[in-house]
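Every chain is named by a letter (A, B, C and D) in the order it is written, and numbering of its residues begins at 1.
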Amino acid sequence: MFTQADKRCSLSELVAQVKDGDVVAVGGGLSWREPMAALRELIRHGRRGLTVVGSAHGIDIDMLCGAGVVAVSGESYVGFEQDFGMAPNYRRACESGAVQVRDNCCYTLVQQLRAAISGLPFMPIRSVQGTGFEALHPEFKTMICPYTGDRLVLVPPLQPDVAVLHAHFADRHGNLHIEGPPVADILFAKASRKVIVTVEEILEHEDLAEKGVTIPYFYVTAVCEVRYGAHPTSCYPNYAYDRRHTQHYYDQARQGAEVFRENYLKPFVSQCPDHRVYLEAIGGRERLNRLTTWRESDEQWRSLYE
Amino acid sequence: MFTQADKRCSLSELVAQVKDGDVVAVGGGLSWREPMAALRELIRHGRRGLTVVGSAHGIDIDMLCGAGVVAVSGESYVGFEQDFGMAPNYRRACESGAVQVRDNCCYTLVQQLRAAISGLPFMPIRSVQGTGFEALHPEFKTMICPYTGDRLVLVPPLQPDVAVLHAHFADRHGNLHIEGPPVADILFAKASRKVIVTVEEILEHEDLAEKGVTIPYFYVTAVCEVRYGAHPTSCYPNYAYDRRHTQHYYDQARQGAEVFRENYLKPFVSQCPDHRVYLEAIGGRERLNRLTTWRESDEQWRSLYE
Amino acid sequence: MNEPVRTCTLGELMIYQIALTIEDGILAFHGFGSPLVQLALHLAKRSHAPNLVLVAGATYAVNPSPLFLTPTSNDFVMSVGAECDLNIEELFDLAASGRMGRMFLSGLQIDPWGNLNVTRLGDAGHLKLKLPGGGGGCNLSCDAGHITIWTAAHRAPPDQQGRRRFRLVDRCDFVTSVGHRSVDGRPRSELPYRGKGPDWIVTDLGIFDFDATGHARLNAVYPDTTVELVAENTGFDFPVAADLACARLPEPGIIELIRRLDPMRIHRRELSHDDRTREFEL
Amino acid sequence: MNEPVRTCTLGELMIYQIALTIEDGILAFHGFGSPLVQLALHLAKRSHAPNLVLVAGATYAVNPSPLFLTPTSNDFVMSVGAECDLNIEELFDLAASGRMGRMFLSGLQIDPWGNLNVTRLGDAGHLKLKLPGGGGGCNLSCDAGHITIWTAAHRAPPDQQGRRRFRLVDRCDFVTSVGHRSVDGRPRSELPYRGKGPDWIVTDLGIFDFDATGHARLNAVYPDTTVELVAENTGFDFPVAADLACARLPEPGIIELIRRLDPMRIHRRELSHDDRTREFEL
């Protein structure tokens, strides 16, 4: 139970909740609502040896891998879909052995989070058996169902040390409002020991309550207002996905670890003391305003992908 | 999957989905949003031998017991709290043996519904063991957890034949919007073979979508617009709990099965060919308007309980 | 209005004593049909436990500010001003994962180990009285961190034949929720429960805690009750705390707060007719 | 604008053929990163399967009307006009309880039994290539009623040394999602899955169904492919349907609909460079 009256803190204090070697659940999914500002701060803090768990991810996990923050990946997907294809840093880190591959599947992850949420030592699941994941996860066990005689797979609880989320709104007490797909954020919040959250805006409780509480305050450890905190991923309705910046990211990453460090991590992370400087580095007001024009017309929205 | 374009039907057609001997999950809870109009129609249809399952209930289950509709009760509570105390018809039916007692507990019910919802042959639960419920439910099994060595109770899936719900709004496709506490309605809708719903108002989809879809259409078998369909229980914000009518109900029920049949079931159920006539019988417009005055002032709201 | 409060009623004393069992910063849940407990939680939240996560029974509203107490629990009145809302599965998941600090349970039968019966009198074959049932009490008696048991019907006056029907009984006909001994007599420590079980019983005659064996022990009496009175109204023998005291009475400010929270005095419905007139000089 | 459609592209033919595998009135789900499948579902919903419960990958939006297809799946564009929304746990629960009629899966390796690999090339000890991973494909390959497999990279041209790197392989290095044989060779019938497994493979060279043993069988070719061409681009021997036919081409109206659904022709990104120019006379 996190019950203090005011959970606001600086981005640096927020990210200091993450320790080397922690199991970290990163919220959002693919190009939607990734807590990118918090992850960049995590890199600046020089965190190491994290185990990342989640469902379908892209630039967030790829960037952490490129920065050498990750030791184990328990994600179910890390890539750029048909947009750019495979995730270069993630691939390199896995293939070099720097990151240990412990791929998971979406529903297996859900069941493991549910076990943690309801305090059970396992959840049963019918699928997974007969696939390569049983060998990849020796911690999974099996049992014969006393009702049906069927063989079931038992998956242990997954209780991340920290969930790192980006939401639209919070109040200072830590109540959160998320618009659009929550992906696994609600499950992460309920299952994790600590929940740290960046938000586009911190509101008075009455205004937040009017929008609706997506995640109750007592799950939430700390909150920090970071506008455009999901950039370059989207945080509709506030702003769309910055495909141009992501293209630039991908082009650097594809050229190798060195190039990525020199041409991306340096200018956009390590040499940006804070988020404000980062927003200048990626093109400032002009670039950010463009990402808010998606509402103007279908053509304008389309143009963001061309 | 219930996918027909227009699921609207008459109250009689709606209730005809329930067959003698069915396992029925009644939505709402205590004095809140009970599908009373549908249950009265169920009594008019002369249904028999139902098994009722649910969490905390009152007049809904008591009335079904008083009308001889119920053969087995798997509820976790049936009563009138500190308002009127024990449920007279329910007590009589259980004590006479007319209704078989298979009391359940709220979380056990939740886990059994979850097993049905996720297609599992059981759900594990840590509680219940060591209480009287193990003897009451021989279908519960136990296992030793292969991870912890702890003894766990396994509860089988509960898939009601029909869930009977009262919601605020639906569209003709069957999407539902419920305001306030859903109680177990969402779990019932996902777990049951059929879902039949009365609603205060059927809206165009666009208007419903604006309020938000609480239960997606494909779970829902049929819907019927029945204003004041929860009376005498509440359906805030539309109308408050009719304590006066419930007092009258209780006074008749307390005097015995005969008196209840003569002085309550006859005038308010069997002799009311339809819901419109029932609304006249309970006091018509004047009474109903009074139940909508709760917003006017705290004093006015309080007066509804005096 | 503002004449000073000089006395407190039995109900107000019980509400205060139940409130004193509630720690700050925990999640606590009151079930339905329990005005004394509902008021105790709101009192605690507004006095010594401001960081209490107060979850209202039936509505699952978190930290509401009811305009007044209603006789029915699942009523919008009771969730007015709620900070947020849980649902039935989330609330019980929180308990099952060890995140519910305290729950409050009662019973028509309460045995020396804190086992409770709200299911039936008589046995399966021969049902004497069907009680309403325990709601989620069975699950929460295992899962919640601690349990405060309360009853306003401890007093068991003899009938014409001089027989007493005890509320605090030697043995429950049915164990709806479990205390410190399972239905088959195993000590709680042998069962893989999350929660530690009942630590208080607040009644209309006094207050019990539990000794090392998990047996109820009289901890305090009221200004108008004695160990002897408690003993003759209790269906089992019980140890008495060495430092047995008279229960602390609430301050006037606390009493005024309770009266504001329950203007219709709904909580009196839990008290026997005679007990409604019991008052204590402050 | 309105000049009559006289030809259809390979992508349009594949979208049409995938759409033909979708029954009306079922719940079907497209994953992420699969434009051909996303378009097939929207095509089916707007042609022969109006009662399809179309669940969009990544957003879990139900029956949306995307303004245009984006290269990223979790984008508000893709959920515009959704009738309602599910979340990750609800969607997978529906599959696990037997309520997902059909799912669509692909792989960098596809074996004769419809096992798929999107996890890694090489073995655990010696990882040659880390693939993005299967999302929820593993779970859904067991749970979904039926699976349509697709790939736009069946063609495996020889390199300088004349070696072909097959997409349709004799054996998967890793079984990410299961077809008609488990990773240890047990027939699917011996496993307690809800779903019946893959029944179609739609590729850039032709269409396979599965024989009684669960082995892929060539069912149809395209106007510019032959059994021989399919054979030399496939890493295993396969039976050929007695009634092998040339796949039916879509009507002009269908083609126009596809072009309206994907104005940026995002689906072409799934095709090899050469295949982007393949066209068929209607």
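Quick note on the criterion: contacts are C-beta pairs under 8 Å (C-beta built on N, C-alpha and C of every residue); 3 or more make two chains touch, one makes a residue touch a chain.
Note that the structure is a prediction, hence the values are computed from the model and not measured.
**Student:** Looking at CA centres, what chain is most distant from chain B?
**Tutor:** D
**Student:** With centres defined as the mean C-alpha position, give me the chain B-chain D separation in Å.
**Tutor:** About 44 Å separates the centre of chain B from that of chain D.
**Student:** Measure off the straight-line distance from the CA centroid of chain C to the CA centroid of chain D, and report it in whole Å.
**Tutor:** 60
**Student:** Based only on mean CA positions, could you tell me how far chain B sits from chain C in angstrom?
**Tutor:** Chain centroid spacing, chain B to chain C, equals 28 Å.
**Student:** For chain D, jot down the residues that touch at least 2 other chains.
**Tutor:** Correct list: 85, 96, 143, 194.
**Student:** Going by the contact rule already set, what residues in chain A reach two or more other chains?
**Tutor:** Those would be 119-120, 125-126, 148, 150, 152.
**Student:** Mind listing each pair of touching chains for me?
**Tutor:** The complete list of chain pairs in contact reads A-B, A-C, A-D, B-C, B-D.
**Student:** Within their complex, state which residues of chain A touch chain B.
**Tutor:** The contact residues of chain A facing chain B are 119-126, 141, 143, 145-148, 150, 152, 154, 156.
**Student:** Over in the complex, which chain C residues touch chain B? Could you list them?
**Tutor:** Touching chain B from chain C are residues 32-35, 58-61, 67-68, 70-77, 79, 85, 87-89, 92, 95-96, 117, 119-120, 124, 127-143, 174-178, 182-184, 186, 191-194, 263-264, 266, 269-270.
**Student:** Of all residues in chain C, which touch chain A in the complex?
**Tutor:** 25-27, 51-53, 62, 83-86, 90, 93, 96-99, 101, 143, 194
**Student:** For the complex, which residues does chain B have touching chain C?
**Tutor:** 29-32, 55-56, 75-79, 81-83, 86-87, 90-91, 94-95, 97, 101, 103, 105-108, 110, 114, 125-136, 148, 150-152, 180-184, 186-187, 234, 236-237, 240-241, 243, 294, 298, 301-302, 305-306
**Student:** What residues of chain A sit close enough to touch chain C in their complex?
**Tutor:** 1, 3-5, 116-120, 173, 175, 190, 205, 209, 213, 216-218
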